[in-house]
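Take a look at the structures below.
One chain, chain A, links the two complexes that follow: it is found with chain B in the first and with chain C in the second.
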Partner chain A sequence: MLLKRLGWLRLLAALMAFSLVAAACGDDDDVATDPPAEQTDGEGPPAVEDSSAAGEVTVGVLVPLTGELGEFGAIVADAIEFGVSEINDAGGTQCGMIRTVVADTGGDAETGIREATNMIESEGAVAVLGPTSGVMVALVDLAKREEVVIMSPYAGTITLNELGGDFVYRTVSSDLGDGAASGLWLSSRGYESVAFLIQNEESTISPAEVARGAVETSGIDITDFVVYNPGQPSYQAELTTVLANEPDAIFLAGGQESGVTVIKEAVVGGFDGEWLFTADLAVPEIFDAVGAELINDVAFVEFADADPSLPEFISFEERYDAAGDPFAPNSFDMVTLVALALEASGQCDGAGVNSVIRDVADSDGTLVSTFAEGQAALAAGESINYEGASGPLVFDESGTVSGAYTIQQAQAGEWVNIEFYPASTFDG
Partner chain B sequence: MLFLQFLTTGVVTGCFLILATIGFSLTRRVEGFLNIAHAELLGVGAFTTWWLNADKDWHIVPAGVAAIMFTALVGLFVARLIYDPIRERGPAVLLITSTGVAFVIGGVIDAMIGTGIRTLEIGLATSYEPFGIRITNYQLIVVAFAAVVSVSLALFLNRTRTGLAIRAMSVNPDLAASRGIDVRTTSRATWLLSSGLAGLAGVMLAVLATLTTDLPFAQILQILAVAILAGLGSLYTVILSGLIIGIAMDVSVYWIPAGYRPLVAFSLVILVLLFRPEGLAGTRAA
Partner chain C sequence: MNWPQIIVTVVTLGSIFGVVTLSLNLQHARGGMINFGIVAYFAVGAYAYAIFTQPAPQGLDQYKFGFGWPWPVALVAAAAAALLFAAITGWPTLRLRGEYLALTTFAFAEVFHSFLLNERRIGNGTVGLANVKRPISDWGPIEEKYVFAGAAALLMIATLLVFRRLLRAPYGRALDAIRDDEVAALAAGKPVQRMRRQVFLISAIPVGIAGGLYAMFTTLAQPSLFTAEVTFIVWIALVLGGERSVYGAVAGTLGLIFFEEVVRAWPFETVRSAQIAASAEHIVTGLLFIAVLRFQPFDRIAERVKATR
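The block that comes next holds the complex of A and B.
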């Protein structure tokens, strides 16, 4: 009998370990290991050739066309193709016309490495554009080793704050920028006390720490800084002290599953202050799930956004029908920057692009907002400063640009813009 | 007062864990293996309730009853289709197979429900504050169901012919068979009962939480913690174990950060197993 019990316990122990491993793998799936599904576009079979010699220069488009982020990948790929069409219509670069090679990562890092290697070694790509956060991080070593520029229009991960900068760039701000914007908003509302409820993820904790710094600096009392695990039936335990301390506002950085439950439970528990949510809750479905009456007028949401007042964005909007899609301007800017860097460097490889990409994006030279304008200025011997459709592209040490942010308020069952923080708000 | 509030929340958490685990433990005792797919049966119950209530405009009560019945039938169907033919291969094979079954059920739910969040059309909870302790009507329902299920199950297992047969099978299936107990019928009754209990836990999950297709399986670690802590003995220890883990997790937030709640649950399991390897229940008994 004892042996039998011990056998059971061993089995249980093994199962616990197995379950923990499975759970960890499940988390990875959410971030970067969706089932691999690859798809290479119809550009024909891979051919080992020096594309520049054939009057072409190859740019890899490495995006998730399937999986959870497939919708975003398609937007990015389309915006890049639009940029390529403008570049080629202007006569192409001094290295030749831009040719794109598209591959689907499905959001999976392993697939991303395989496809990027193929793009670089078989297709001769000088840049690989469009990876998501997990894929981007996985490609850092490859990019530096092969001296090929990788660039993302939506990888906010703070891991790139450490790894990026040389051959690794992004035309979107770091997740930390969201924290700065949230902190600025919370500090400007006249609150005396704020509670922080933060989902236990790197992408929410790091920005929340930045926001906490800003709130503390402005002298607001932080009643609680609660980091909670998602996937619970209820968050009452986490809310107990938060509600007991009666803060003026709650900063809720969480996903939709936990966020909706937290909001409902807090309101039922007597919370009648204001809310600031992060981007995951900036969707119309929240009003149905929570009940619009609970959040109308008292809830705000912060998220990274293009500056619609910039002339470069307005011009982009006039030329490209889908300019308003998420990350479309950032994607257009990536390929235009690469083309301008090819033009400016006089080299037709990734090292050439890497050597001048900061200069074409940020200098005292002539302001340009399209490839054709930049090409003409460079031909005239001028240095250029490319102002992107997504905003001014000033890469910091980590190859990251400053972002612009919008604050919306819940009004009569929908999100309404009420505040915009341009990138210049956070410079310096 | 704050401590009492944490204690109350812990009791509610514990009651949910009892509902989620009691069917799992019943299967383990009678069928002899850990049915990992039990957590996905919570999902069947939760999403059936959601579909009937939010999509088909059923009242929550008939929707919940129908969901429990449907989940019971799904559990029985899976048992007959998958587990019965491989029963002779032993608990390890059944356990691994049940993990596969969990993926299949989860995949079907994913395919049918899709991404995003789902909530029932049942209105916001009502909060009461007896003696300054806050509790909602939905939390009281969970506590009430845990109590009713515990008492009913005790009566069923002690007072009915099928219940006694289940107990006999859980102690010694061979002896039970030789004494004239219909093993197949008893096994099916067990599957209906344990899956129905998973369905009930799923209904409670739908009432309390914001549903995503990942949420039901996210409960498996806590179900395992309660089941392991309870040990192989009497089902009543599941009730004790659920309350201990629920209260320990929630009361721990009084002293340590909430992010460590799962750590508290598993530390407790490890501690108890160090001193009492057979779990709270002691020896295997009816």
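The block that comes next holds the complex of A and C.
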């Protein structure tokens, strides 16, 4: 009868208001009763409470396990898992053993926000590792509000160049670095004219804009700057104007699907100049898909690369079988850095990690390349400088590291290294 | 389970999408119009909000307009933009009926999505507009997320009230008449064309505002957020909840989001288990949909509430 008098609607409104108030009050209680450095709040499931009592600190692993980037996500999550096992084998951090909570975003920003919120609010995660560009950008606000560190090993998006820095870090260089490397390469080849063919994606347009700037500065004529949409059966329409201007080289920033078609159609259309591709085409399959004879000797490819001569990388390769997978070293570095920051800060929360992570990654202290080394040095009262498997890891203002880049040439049906730009090339 | 957090997410997202479901309910169940392009109106609201609050372009930004206006103005702009978009798309499409209308609205949404992808001067193309202003920052002792959830719930309840009022009035009965037999309604002197257009326009306004709230929630306005998938999710919510009542629409949406949240609240500690869960989620969701459609629990609740009145 109460239902009848109140009406369904008012009941709904009352329920909503009540649940919100209850939720708000519940949270306040926790704030009041929890010790400040406690990493899991009292609202978590019993399992969490038990584990926090046993001394665990939770790190969220938020990667795409399904969808287009699922393969990359699995590589990243596995490398993080390996890093965690090394840390826990060394006895864990001063906050306890590291516990991971893994969730799939499918590459979707809304799912990413919801999963990250769960990790932070329900699981007490001090850091969320592994989001892709779109998700990472959507999490910036949440990270700063909840004071939790988010970190990505592959989010190159230029949007983070403005938003990153505080609580937001990445162990990969910005897409702009790829653009700078491409620009440097194009400018150094003695071309008189270059055409740009760019797939309509954020990750290809931003570096292309930077490369265009570099090429223009060096006085090379840009005959065309064409942005095309992927998924077309043919790119004749775009190529007709590009080829009519007879450029010495074409800079093709495209995916594997569209790239293959563009290359074939350009050669058929009479293009006999040189190519520069971006990372997506830096795979051996491209020789079968396009036909090796079309690109041998005339095609080059640029991509961000760990310096394989670094002792830290060689040592990582010896310990971890899948070290050569894309972004595996960057992912390993990410979780090791967080653990070292937990160790160094003496605090077991995101704010603690955020306050010391730059010092841990870059200082005048003892050079270390594993968690165990860092832990020992910190215990001895020294400050540390973590040199990662992916490079020296110096965070700039936006929380981004500078990267190193490799240029490869197509020779007899395979990609061969011909140039390496270390991170220092682009300093300043 | 961290119930307070689950409730907050369900209230926030459930209310935002609930508004869209309510509008769809008005258009479809009462107005007899099948709109398979509802995501476009949602996207228009989100983009309008982002463009009006966004600072002027700088650096590598490719959008041309960023007004940096305060958020209340931007929310009004979001509503106005959705209304305008409904007027533009409604004019040619509402002459069509049934599946022809469904196809045309779907096509309009796809065209708009393609426009957002390619026209970089408006919404920054595939990059989208990031760091969208979230105005609710300092509310003293109450945390922002509760204020935000409350605001979303308020919008949904207001929409529900207005729509219910509208449908209980003679206007609603005239609409039912048009839906059930258009020729008969025309013969009875009802302005069929005008009323269909009115419903189409009125229902776009709250969708636009919900789009603005969604842009605040995700802090993003990006083409990848506004794919046809959104349309389908809202339609699923409507079908789950039962089409004939406004409460069903709300119950369906809240139920759908609640289910997703409960499934996700389970912590997976290894990569393998998370991978399996990610794959299994779709299977479980599918089975659940079949069960709900077979037993129609939300529809029954709504019916029972109606009966007790």
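The rule we apply is simple: the second predicted complex is superposed on the first by the 372 of 428 C-alpha atoms of A that agree within 3 Å, B and C clash if a C-alpha of one lies under 4 Å from a C-alpha of the other, contacts with A are read in each partner's own complex, and residues count from 1 in each chain.
Just so it is clear, a residue touches a chain if its C-beta (ideal position, glycine included) is under 8 Å from a C-beta of that chain, and two chains touch if they have at least 3 such contacts.
Source: prediction; values computed, not measured.
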More chain A residues in contact - chain B or chain C: C
First (chain B), second (chain C), both or neither touched by A:138: second
Which superposed partner A:158 touches (first chain B, second chain C, both, neither): second
Touching partner for A:229 - first (chain B), second (chain C), both, neither: both
Which of chain B and chain C A:102 touches, first, second, both or neither: second
Contacts of A:201 with chain B and chain C, given as first, second, both or neither: second
Partner chain(s) touched by A:411 [first = chain B, second = chain C, both, neither]: neither
Which of chain B and chain C A:296 touches, first, second, both or neither: neither
Footprint overlap on chain A, comparing chain B with chain C: 8-9, 12, 16, 19-20, 22-23, 26, 200, 229
Sites on chain C touched by chain A in the complex: 1-5, 7-9, 11, 13, 59-60, 117-118, 125-128, 130-131, 134, 141-144, 146, 149-150, 153, 157, 160-161, 164, 217-220, 222, 224-225, 247, 250, 260-261, 264-265, 267-271, 273-275, 277-279, 305, 308-309
In the complex, chain A residues that touch chain B: 1, 5-6, 8-9, 11-12, 15-16, 18-20, 22-23, 26, 68, 200, 226-234, 236-238, 240-241, 243-244, 256-261, 264-265, 267-270, 285, 288-289, 291, 294
Chain A contact footprint on chain B (complex, rising order): 2, 5-6, 9-10, 12-13, 16, 34, 36, 91-92, 95, 99, 115-117, 119, 124-127, 134, 136, 139, 204-205, 208-212, 214-215, 218-221, 224, 228, 232, 249-250, 253, 257-259, 261-262, 266, 273, 277-278, 283-284
Residue ranges of chain A touching chain C (in the complex, touch as defined): 3-4, 8-9, 12-13, 16-17, 19-20, 22-24, 26-28, 43-45, 47-48, 61, 65-66, 74, 77-78, 81, 99-104, 106, 108-110, 113-115, 117-118, 121-123, 134, 137-138, 140-141, 145, 157-159, 161-163, 200-202, 205-206, 209-210, 229
